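Pasting a structure below so you can have a look.
Chain naming follows the written order as A, B, C and D, and within any one chain the residues start at number 1.
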Amino acid sequence: MALITEMLENHPAGARTSDPRLLTECLRTCGECAQVCNACADACLAEEMVADLVSCIRIDLDCAEICATTSAVLSRTSTTGPATASLLHACLAACAACAEECQQHASVHQHCRICAEACRRCLNACEKLLASLS
Amino acid sequence: MALITEMLENHPAGARTSDPRLLTECLRTCGECAQVCNACADACLAEEMVADLVSCIRIDLDCAEICATTSAVLSRTSTTGPATASLLHACLAACAACAEECQQHASVHQHCRICAEACRRCLNACEKLLASLS
Amino acid sequence: MALITEMLENHPAGARTSDPRLLTECLRTCGECAQVCNACADACLAEEMVADLVSCIRIDLDCAEICATTSAVLSRTSTTGPATASLLHACLAACAACAEECQQHASVHQHCRICAEACRRCLNACEKLLASLS
Amino acid sequence: MALITEMLENHPAGARTSDPRLLTECLRTCGECAQVCNACADACLAEEMVADLVSCIRIDLDCAEICATTSAVLSRTSTTGPATASLLHACLAACAACAEECQQHASVHQHCRICAEACRRCLNACEKLLASLS
């Protein structure tokens, strides 16, 4: 079992959500997406045609930043903070935009194909967690 | 002149906003609010009655995290990314909640009074920038 | 295969390390440790005896912050930046201190036991990656 | 007076340093440098000759990330954490490398000239704070 899952099960105040798996999955995919988006931006910078990927790099960097913060805020697992829902909406928006942008380069650049996949997974997990909070 | 202001004036693509002062002010207050919220959480931890400030600490930490990310995303100044508006909404929500929470302790704890002030300034700057983007 | 591992294998410039598994493992444990330390700080805040855990909370928060940044910097996988080694040293120091602090509470608080374990894993991965860089 | 300065003066545990101005100045320059480095990376991405600035962009992004984390860790002002000194060393290394890289483009790109200046200021403030801690 992942340590963060074990952590949720041993929180003195209990989990804040009726289904801890949704929180765990969102934590997992936010963490993954943050790293993959940063790696995709770096890979874009290594491409010969970097000038064609400038917009993709910016969207990657914003998505990495927002996923990392969502991961940190969700890690405070006992309570749903007053900004959690709107932060999840921002994370959704960043992932949707990054998935769409990277998908356009997916047939040419493997890193963009993988990044689009990471963004879709994170998007799905955020949507499910949001639905369970409301 | 602050270096970040000078930076905005020397960006090869120009500023993304019709009024660069709104962006500069939002960058300034987000950076300040992130530091002040972290300092307030630390000051709460140093209070004898820390048990009464647990909720304040959590809200401080979320607000610090979200303001820091908003600062980073806004620092990519040439374009308004697809998640910028929703991130500004999350920042607004975090600052509003933190201002309200800290204001309740403002007469007892100076650090909460100062933190509430930083949150209100950041809230105002985010609102004005959001209005200028739409 | 984890998406970040797939990412490393598809980077146009190739991996920066002779053994990509060391980088992957360091990325995985830094990401995990950042979340677990934030969760431990939150769990400490939920304990009745929070006043006894103030130092643990501060060390948790610093460790979470530094692990998250190490994760982000290591995600730019194609090159070893000029500050990577010293950042890994800071991450080592933060994890060692947090493992030691949490271990002292491990018999009483399950979350501290789990957090100490996450810190030790991250510490080990940072040490191995550092050794491979030099 | 800046709110963060006022915060330091109202901390229940007192400032951790014999000279609070050194801490305040380091907080100020770290926050500024994080924003300016992100803005410089974005400006580099907007240059026609972006392919020549790939290394500068990577160094900018690492420096922004490390300065932001140093700012967050220093914001917990009452105590010097076990990783603070090594984090300041990492921040020093990141700023020195970024100042050197940006200085090479300073005569051509105003944003690199400004960024080099922000890095030098942050470097100086980190050095002085480090000296006062030991």
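In this text, a residue touches a chain if its C-beta (ideal position, glycine included) is under 8 Å from a C-beta of that chain, and two chains touch if they have at least 3 such contacts.
Since we're looking at a predicted model, the values are computed, not measured.
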Inset, instruction - Look at all chain centres (mean of CA atoms) and spot the one farthest from the centre of chain C. - result: B
Inset, instruction - Sort out for me whether A-D or A-B is joined by the greater number of C-beta contact pairs. - result: A-B
Legend entry - Mean-CA-position distance for chain B and chain A (Å): 22
Legend entry - Whole-Å gap between the CA centroids of chain A and chain D: 27
Legend entry - chain B residues counted as touching two or more neighbouring chains: 42, 45-46, 58, 61, 68, 72, 76
Legend entry - In the complex, chain B residues that touch chain C: 42, 45-46, 48, 50-51, 54, 57-58, 61
Inset, instruction - Flag every residue of chain D that touches chain C in the complex, lowest number first. - result: 55, 58-59, 61-63, 65-66, 68-69, 72-73, 76, 79, 81-84, 86-87, 89-94, 96-97
Inset, instruction - Can you check the complex and tell me which residues of chain D touch chain B? - result: 2-4, 6-8, 10-13, 27, 31-32, 34-36, 38-43, 45-47, 64, 68, 71-72, 75-78, 109-111, 114-115, 117-118, 121
